[in-house]
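Letters A, B and C mark the chains as written, and numbering starts fresh at 1 in each.
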C-alpha cells in the first residue's frame, strides 16, 4: 500500500478545509450582524468598520496590543481545549486566573520577588494555585459525581471575591483607598519583548514566548504522550477507555488539573506582565471566557489555537481601536463573539442551513470531518 | 374479517440490512397471537412498523379491512394500537397513576384532577386484573408491576390491540403467571393481544395462533392447538446448511480458564447467571449457545473483569482473577472482542493507529517513559492493516469512517495481535458483510490453532456450529446442555435446549464438559 | 455582637432581605423552571442583565410597568434564542448559555453607550424610573400589632409581592396542572412523554422562554428598585447564585424560595456587616452563597450516590 500516506494527507487536508470553511462562514455571518448593528447606530459606519478591520497593523503599539492579547487568548484557549478534549465542561478558567494571579503576587511582593527568581517562581506559584483550583471540581466529579459546571462556576466567583478582599485589605498598597497593590519589582515582571531604538513595543512581553511554549507543551502532551492519548480516548468514548483498561476518572481529574495550571499561568502572565505589573481588582476583564470561542473554533486542537487566537485577538483590539477613534463602543465585539460560538458549536454548515429551511425537522448532521478531527 | 393485517411488508435499513422481506401477518379480533422467531428474525422491526415507529419500504397495513398508515406512534395510538416495549417509558419518580394518564389527564379547568385520575386508574386496574397500587412512584415497583403500568397506559387510551414485546423476558416465573391471567382477562373483555416471544413453553401456554418468522420472512402461521414444541422449534431454527471451518488438531490439555459456581446479579437485582461451571482449554473454541439474555454476555464480561460477580471463582491461566483489573487480566494474556464495537470496542473519533494500541499503552514497545513511540505505533498499524486486510485510507484515518466489517477487523486485529492465551468473543460478525465474516472466522480459528483458548458467544447458530469444538447451552443463567461438535449436531437439537424445552442430565453433560 | 443581633432581627433588616432577595428569587424561579425541563440555564446572568438594561431604557419613555414588561420580554427573547440554538441547531446548551452571557454583557454596555451618548459605566444621566413601593402604612391602625406589621410589610416593591405570587404560581403550575406534569416528565425522562405524544421540544422551548422572562423581571427589579438605573455588569453573579439556590432548594419551588431567602440574607449581611465589624470583610460574606452552593452540591451528590448503591444491592 504505497499510496497510504498520500490518502491520509488528502483526507486530513479535506478535514482542515471544511473546518476552516465553517469557521470562516461563522465569522462572516457574525461580522455581518455586527456591521448591521454598526450601520444602524453609528454616524460613520464605514469608517468604523475600516478601523475595526484594517487599522491594527498600522502602528507598532497596536500590533503589540494585538499580539499580547493573542498570547493570553492562546493560553485560555489551550486550557479549554484540554478540558473539552476530555469531554468535561469545567468552566473554571476565570477562577484559576485569579488564584494564579494572587499566588504570583505573593511571590512577587515577597523578598524572593526582588531576585532573579521573581518571574519563574511567580509563574510556578501561579500554576500550582491554578492547578488546585482546577483539581477541586475534578475530584468532586470523579468521587461524588458532582456537576463540574456548577462547582467550577462557583469557584470562579469565590476566587474573584478573594482577590477583591486581598487587594483591598491585605496586600501592600501604594495609598489608602486604591484598589491595587504596590507595583512589582522589575525582576518580577516579564520584560518587554521588543525594545530597541526605533522599535519600542510596550505591552508585548515575554508572555508571548511563554504562550508559544505552552502551545508546544500542550500539543506534545496530547499527541506524543500516553497520558494525552488516554485523555483523547476518554473524550471520544469513555466506555471504550474503561474496556481498554484506562482509568477514566484519573484522566478526567488530571485533565482538569492540567487545565487549571494553564489558567493559573495566565493569571501570573497578567499580573507579572507589562500590562499591569501589579495586582488589581477585576484585571482580567472576562478574557478567560473568550477562551471558549478560541477552543471551539480551533476544534480543541492545540496547534490551531494560536491561529484562532491571532484572528480573534485582532478583532478584539480592532474593536478597542474603533472605540477610541469612532463612536462605536468596543463591546460590539461581544455580539461577534457570541454569534461565532453559537454557530460553530452547533451543527452549522451550509448544507445544514439548506436542509433546515427545506424541511421542518432538522437532522443533527453537519459536515462529517473525515480524517482525525476531534470534536 | 381480520382485525389487523400486514401484507407483504418489506423494510430495509440504511446500511443494507434487510429486516423484513415480504412479511405477512393476520390478526383476528379477540385472539392472543404470538409472533416467534430468533433474534434477528425481524419481529421487532415488524412491531415497530405496526406502531408507527418505523415506516415500511413496501407492503400494506389493513385495519378493519381498510388500508392505514402510521407516520408516528401518535397515529397508531389514535387507531387503537398500544405497545408495551421491553424498555419501559415510565418517569421513575412519578406515581403510577401519573404515568398512566400523562398526556391525557382528566382536568378540572386548568387543574389536574388527581382524584379522578386515581379513580380511573384503579377502575382500569381492577377491570383487567392488572393489580397495581396507583400511588407509589414507579421506580419503587418491581419489574412485573412496572410492566402492568405500561399496559395500563395503552388501555387508558382505549387500545383495542395490545402489542407486548418480549414481556416475559424481564419477569420471574410467578409474575409470568400473573401476566397470563391479565392477558386472558384482557381478551375476555374484547381486546386483542400480539405477543412477541421466543420462550416456547410460554408461547404454547398463552397463545391461540402463532406466526413464525425467520431471517426477515414469515415461515408460516399455525394454530397453537395443532403444533408441538418440536415442530415449532424446527420452524424457528430452520434447516441450515452447516458450514464448518477447517481446523487443525491441537493440544487441548492445558486449562486456561476455569469458572466455578459463578453467580451474577444485575443492576435490577435479578440473577442472570445462577451457578455456572465451565472450563476452557488451550487450542479449543467453546461456543456459548443460547437466546440472548440468558447470561452469556454477563459471563464474558465477568471473565474480562468488566463486571463484578456475586459469587464464584474465576481463574485465568490458573491464577485467581478476583481483584485483578482489566489491564492486569490483559497482562495474563486475556483479549476480548466485545458485543458492541462502536460503544465498547472502538473510539470512532480516534485514528486506526490509536485504536490499535489503545489496549497496550503499558507496553514498552509503544510507550516509554510516558512518551508515545509514534513510529512504532504507525508501523504496528500498517502491519496489522496489511495482515487483516483492513480497507482503510491509512493508519491516521478516523475509525468512524470505516464500514462495519472493517471496524470489526480493527477490533479483531487489535485483540489478536498479541497471540492471546484466552480470547473472549461476543457476536463477532454481527452487522458484518459476508467477506469480512469469512475472514474473521478464519482469524479466530487460526488463533485457536496457534494454541489460544477461545470462548465464543453468538446469536448465530451457524457461526457457533462452524467454529466450535464444544458447545454449551445456557438457559436462564445455567448450563442445560453440553455437546462435542459433530456433523450430527443440528440447530434443531440445540434449539430444544436453547428454548428451555429440555435439559440434559449431569451424566450426559459430563462428556462434553471436560 | 449585640449590635449585630439587634440589627439582624430588626424590621429594617427584614425589609432589606426582601429587597435583596426579590431579583434573586425571580431568577431562581426562572432557573427552576428550566432545570426541571432538563436544561441547566447558565444564561440566567445574561438574561437578568438585559432585563436590567431594557427596563431602564424603556422606563425613560414609558411608565414603569411597561418597562418591567419589556424587561421580561428581553429576557424571554434570549430564552427563545437559547432554545433555538440548543434544541434546533443542536449546540451544547452550556456553550449556548455562555455565548448568551457574553452577548448580554457586551450588548448591554453597547446599548447603554448608545442611549447615554457615550457613558459606558452607568445610566445615571438618564431619567429612568423606579418601581413603586407598596405602602401599607394603614396597617398601623390595627391595635397592638399594627406598627410592627407596618414595619415589616409596608414599603416593599410591587415586584416583591409579585415575586411571592410567582412562587405560588410556579408551584401550582408544576404540581397541580397537567402541563407541569409534562414539564417535569420531560426533564426527568423525556422518552416517556414522547411516547405519550407530548411535544417535548415545544415544552423545552417554552420553559426557556419563561425562564428568561422571570430572570428579566428580576433584572427589572434590580435596576428599578434595588438600584435605580443601570450599571455595567450590575448583576454581579446573581444569575449563578440563582442556579445555586435551585440546587440548594432541592429543585422544588418552596425549597428554592428558602434558599433564595438565605442567599438574600447573606447579601444583606454583606451590606450591613462592614458597618458593624470593620474587620469582617464584605467580600468573604459575599462569597458565602457560592461556598454554600458547592457544599450543597457535594451533599446532594453524596446522597444520590448512596441511594444508587442501595438500589443496586437490593
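The rule we apply is simple: a residue touches a chain if its C-beta (ideal position, glycine included) is under 8 Å from a C-beta of that chain, and two chains touch if they have at least 3 such contacts.
Only a predicted model underlies this, so the values are computations on that prediction, with no experimental measurement involved.
**Student:** Could you see whether A-B or B-C has the larger number of C-beta contact pairs?
**Tutor:** A-B
**Student:** Taking CA centroids for every chain, report which one is farthest away from chain A.
**Tutor:** With centres defined by C-alpha atoms, farthest from chain A sits B.
**Student:** How far is the middle of chain A from the middle of chain C, if each middle is the mean of its Cα atoms, in Å?
**Tutor:** Between these chains, centre-to-centre, one finds 29 Å.
**Student:** If you average the Cα atoms of chain B and of chain C to get two centres, how far apart are those centres in Å?
**Tutor:** Taking the average C-alpha coordinate of chain B and of chain C, the gap between them is 49 Å.
**Student:** Can you tell me which positions in chain B touch chain A when the two form their complex?
**Tutor:** Residues of chain B touching chain A: 306, 325-327, 330, 338, 343-351, 354, 358-359, 361-362, 367, 370-372, 374, 382, 385-386, 393-398, 401.
**Student:** Residues of chain C touching chain A in their complex?
**Tutor:** Going through chain C, the ones touching chain A are 40, 42, 85, 88-92, 94-96, 98-107, 109-110, 113-114, 118, 120, 237, 240, 243-244, 247, 281, 283-284, 286-287, 290-291, 293-294, 297-298, 301-302, 304-305.
**Student:** Under the stated contact criterion, what part of chain A meets chain B in this complex?
**Tutor:** That would be residues 1, 4-5, 7-8, 10-12, 223-230, 232-233, 235-237, 239-246, 369-375 of chain A.
**Student:** Spell out the part of chain C that touches chain B in their complex, as residue ranges.
**Tutor:** Within the complex, chain C touches chain B at residues 176-178, 180-182, 184-185, 188-189, 191-198, 312, 314.
**Student:** Give the list of chain A residues in touch with chain C in this complex.
**Tutor:** So the residues of chain A in touch with chain C come to 37, 41, 89, 91, 140, 144-147, 149-151, 153-155, 157-158, 161-162, 164-165, 168-169, 286, 289-290, 292, 296, 327, 329, 331-335, 337-339, 341-342, 345-348, 356, 362, 364.
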